[in-house]
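In the two complexes below, chain A is the common chain; its partner is chain B in one and chain C in the other.
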Partner chain A sequence: MTPLDLLVAVVQQVVDGVFLGLFYAIVASGLALIFGVMDIINFAHGDLIMISAYFTWLLSMNLNLDPLLSMLLTLPILFLIGLGIQKGLINPVLGKEPLIQIAVTVGLGFVLQNIALGYFKAEPKGYPAPLFSGGFNLGPFVIYESKLVSAMVSLAVLILLSRFLAKTKLGLAMRAVTDDRASAMLMGINVGRVYLLTFAIGMVLIGVAAGLWMEMGQVTPYLGTSFSLVSWVAVALAGLGSIQGLIISAIIIGVAQSLGSLISPSIQMAVVYLIFFFILWFKPRGLFARR
Partner chain B sequence: MELFNREILLALAIFEILVLGLGFALSGNSYLMLLAAQVLLFAVFVATWNIIGGLTGQLDLASSAYMALGGITTSLLWMRLGVPPLLGVFAGGAVAMGLAVLIGLPTFRFGVKEVWYALMTASLVVILNNLFRYTMGPWDFYLPSKWGLIYLRPRTYFELFLIIDVVLVIVILVNVYISNSKIGYYLRSIREDELASESIGIDTRSYKLRALAIYSFITGAAGFLQIVIYSSFSYRLFDTSLAISIAIMGIIGGLGSISGSIASAVIFRTLGEYLRSSLGGVFPGLDLLLYGIMLIIVGVLKPEGLAGLFNQVRRWLGK
Partner chain C sequence: MASKRSRIPLIIAIIVVIAVIAAGLGYYYYTSKLSPTPTITPTTPKIEKVVIGIVQPLTGNYAIFGQEAVNAAKLVVDIINNELGGVRSLGGAKLDIVVEDAGTSPESARLAAEKLISQYHVPIIYGAYISRFTLAMGTVTEQNKVILVTDALVDDLSRQGWMYFFRVAPQASSHGVSAVDFVLDEAKAHNVTIRTAVIINEDSIFGTTVSNGAHLELAKKGVEVLAHISYPYDITDMSPIVDQIKRLNPDIIIAIPYFSDGVLFAKTAKAAGLNPVFIAGAGACGFTDPDSIKAAGDAVLYYTNTYSYNPAKPTDWNQKLVKEFERRYGKMPTEAAGEMFYSLFTIYEALEKAGQMFPDDPLNPDHLRQAFLSLDLSESNSIAAQLYPTGRIKFAPNGDNLYAGTAVLQVQLINGTLTPVVVWPQPQAGVQAIFPRPGT
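Right, the complex of A and B next:
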């Protein structure tokens, strides 16, 4: 391999890594929002994405609809499911000690994972002919349409989310609760309602991540664990309170994983988690935290 | 206070009579004997987890990492250098402990706790899984065809069951000893309120590290028995879902309660194995689904777990 080949390979991985990172940003956004506003430790985050991906797949297969379009149907339904999960499971453990929250959400994750395993079995499921499945050459580089589209959609949704948090009354209330729950309550914000809507909006973000994933790849019952871990790494790296920070952190993770796969695909995740270790040791509040 | 009071020794004796009775009763059926050995070994790991998770309150999700690392070290020492596993398990435990302390030092130094500790340990399993696969490949490695006590690899499952039982008794005694001595009180106070413990002069960092060291050593040493049950090992031994199951059993049993954690390990693993063998073809993962549901119920309704239930029954009987 000449140095030029190596350079091309590295740049290709960096480009892929940026796309992957933008996708990770949408994967982590639901967790960051829920953790930030409600202070709930959700270990089932990745499994919620996994089960939503199956949901998207079912709709796509039955209606013969591209996963990107199925989202128009899944997102409102997931919003309602989010309201239900918040009422039934999350409310009882709000404000409880971290271990209890972890236990309940790990339990939820196990339940979702094994329902998926029992119902859909272990074989990967994918939509056979997504709208964007080809690729094109850009000089010596290959750009996959599905990755490009999912990165762009993810970026658009995140910009929308950040506008929503900055400009609407509900968004302002959510940020107020993130910064100081007690004062927010004293200012007349209905914290219970903010929590309910936060979790539901978090579920919508989860639905977007699931839809984009089905455009790119296949779902197995075990997809959730890695999404959970990656989301938590992104949140740890970013710190709470800034969407821009989350996007940059997710891109760092995506590029690190992508470059790691250049060494060997079997250690790409190890590279990401090693970064996680060092962040927790030396920068526990993250790179971009507001508090 | 005595370290081992009569009540505890009596309870242990009754438990042992039950376990041995069960062992003899099943000894004719090697399939059931293997299942019983597996359940008992699972109880060993859960009871060991109780030291770091239950007593100290650190939600460690790396149990399977220490188990695999220790077990594989023991196996490789045997296969490559001819060290008999009876000695090798101590090296296995030491290697697992070495890694745990190496990571634990900065982790506790920089105050990583709660969710971040849980995530860090969960990702440690994945890191080791990937590194092992990268260096050793995706293959299954089989243990040499040698049997005997010196290899901790008896010819019958009944003898294996007895070996695991001995380990379980050791783990129970270690638990009781720690729990009733000064370090146990310190660990429990760290679990209840770390800041307050520090303010009354407990070196929380050093005590958390000691709990981690004991837990990882025993888990690493006992890891070889898991490999003996499978007769082989591969990178799949570094299993996040197993590590989470072990922690789940510790929580369902009631944090810090040795009887509760062993009871939950035995009851749910047995039930899980039963479900797996009877309905596994129709509904794979039903056993793990059950663990998840139990965990949600315990978390939402009864955070003190099975131990709380025991106490309730005891109070009710005492009336």
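Right, the complex of A and C next:
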């Protein structure tokens, strides 16, 4: 490989890594929001993305709709499902021992996996003709349409989320509860309602991640494991309290993974975790933690 | 008074003894009046049923295979019991199957085998599809002298020195060899020169073994391997690999995927405009199975893959099983089902042989082993051989089939529908391989 070829390869991976990182940011955003506001360790996060991906696939195949367009239908329904899960499953364990919260969310994950395995079987399910399945050349670089669109949509949603948290009453209430729940209650904020809506909005973010994934890939009952790991790494790397921090941390993960695959695809995640450990060694609370 | 009471127990005892003697005499008198009973010669107890243990991954990432295999097993057992009358040499003994989940680790597969042996006392176990699960299971079956018939393909399994091990399907490395031989055969037939190749494989022991087989065959045939890339099967981004292959610009790509990664590779390759002379799959996973075609759409058009089973083989029994499987389960049988078809029928034929060779103790493990080794099955005398790609089944001392072979399927557009068709070594009727890929 000539030096020029190597430079092209590295730049290509950096570009792909940024796109991948933005996608990872939306994948992790639901977890960050729920963990940040509600202080609950949701180990079912990846499996909720998985089941949302199946939901997207079902609608896409039955209505012959591109997964991106299916989101117009899936997101309102997932919002309602989020309300139901929070009320029925999460609310009873809020404030309880972390072990109980972990047991409930891990159990939810297993239930979702087995429902998916039982109903959809183990074969991968994908949308065969997505709108953005091609690519184009920009000089020596290849730009994949699905990754570009996914990155743009992720960025747009995350900017919206940031504005929502900064400018709206509910967003301010969420941030107040995140910073100090007791004071927020004293100030008249209905914390129970904030938790309910936080989880529902978290499910909407999960639905966006699932829809974007189905534009690029396919779903199996075990997809959730990969996304859970990446989400936790992104949230831990960013620390709590900053959407911008989450975006930057996710981009670090995406670029590390892409550059790692230049060495060998088998060790790409090892490179990610090495960088993760290295950063946490120096900044244990994360790069951008507010609390 | 006291003396009268003390005599009553004695009187009762005398009455009981007289009653017993009278009953005995009466029985003797009665039976002596019947026809003379024939001399009882020793006979072997009648075998009502033979229970076959099946260990397959029914949960976890490999459940795709296990579920298909179990469906195929139920179909075969129904046919053997209801149409063929069971195992005739064992007095029409029915076959029964007990299925255990191999789970998600070698340890759970091992425990599944232990349960089948200790609880159900099975003489034969079939499984466990995944080679490292089978390796763990094999230590248990060998120790307990239980015949293990496997659908796992990694070559090393038949190099363990096991006595009670049999494998009808071809070894993993031969899948890699077949993929290369198919491509080079087609290249020769179409006057296309193949000089360079890239191999990509999921990095499990199976993917690695298949890819090593392909690598060696390419080297033997003088094709330069520009890169041999391994990746984890649950990879979520194939673009770095596709970008690397584009830069290398090989004539052909030999790909050994699992399932999801196969769909992801095909879609990413299409998006990147990667179009070498040919892309050949190996190892029976991905690209050409009905579910991968549904998920990837025309991204997998013209892709091929090697299989241990030929669903289009035009023998009567093969067509019968394919039709019945499609009727029951709504899809064409692929690798796992195909292996179960011919392996379970081979077990059936071995039981028939054992019953003929050793009528007194047919299920003795050493007798069963000898029965397996004595089989020499061909299409003219065996259902199992009719189902097998090469039409011949005969076991070497290490348990491998001496006549193992694969088939190659290609995704083609037939009447507007993406359809997997058999193109090698004998193309199915009305079909030929499309080579090279259009647009190259």
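Please note the rule applied: the second predicted complex is superposed on the first by the 284 of 291 C-alpha atoms of A that agree within 3 Å, B and C clash if a C-alpha of one lies under 4 Å from a C-alpha of the other, contacts with A are read in each partner's own complex, and residues count from 1 in each chain.
Please note the rule applied: a contact is a pair of C-beta atoms (placed from the backbone, for glycine too) under 8 Å apart; a residue touches a chain by one contact, two chains touch by 3 or more.
Because the structure is predicted, anything quoted here is derived from the model rather than measured.
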| item | value |
| --- | --- |
| Side-by-side fit of chain B and chain C on chain A, or clash | clash |
| Partner chain(s) touched by A:Ala270 [first = chain B, second = chain C, both, neither] | first |
| Touched partner set for A:Met185, first chain B, second chain C, both or neither | neither |
| Which of chain B and chain C A:Gly107 touches, first, second, both or neither | first |
| Which of chain B and chain C A:Leu83 touches, first, second, both or neither | neither |
| Touched partner set for A:Gly217, first chain B, second chain C, both or neither | second |
| Partner chain in contact with A:Leu148 - chain B first, chain C second, else both or neither | neither |
| Touching partner for A:Gln12 - first (chain B), second (chain C), both, neither | second |
| Which of chain B and chain C A:Thr225 touches, first, second, both or neither | both |
| Partner chain in contact with A:Lys121 - chain B first, chain C second, else both or neither | both |
| Where chain C runs into chain B (options 81-89, 135-143, 189-197 or 315-323) | 135-143 |
| Shared contact residues on chain A - chain B and chain C | 114, 117, 121-122, 221, 225-226, 264, 266, 268-269 |
| Chain A - residues contacting chain C, complex | 1, 5, 8-9, 12-13, 16, 20, 114, 117, 121-129, 133-135, 137, 142, 144-147, 216-218, 220-223, 225-226, 257-258, 261-262, 264-266, 268-269 |
| Chain B-touching residues of chain A, taken from the complex the two chains share | 41, 43, 89, 92-93, 96, 98-104, 106-111, 113-115, 117-118, 121-122, 221, 225-226, 229, 232-233, 236, 264, 266-270, 273-274, 276-277, 280-282, 284 |
| For the chain C and chain A complex, residues of the former touching the latter | 59-64, 67, 203, 229-232, 234-237, 239-241, 243-244, 246-247, 259-260, 263-264, 267-268, 270-273, 289, 291-292, 294-299 |
| Chain A partner contacts - residues on chain B that touch it in the complex | 57, 59, 103, 106-107, 109-112, 114-116, 118-120, 122-124, 126-127, 130-131, 133-134, 240-241, 244, 247-248, 251, 255, 283-286, 288-289, 291-296, 298-300, 303 |
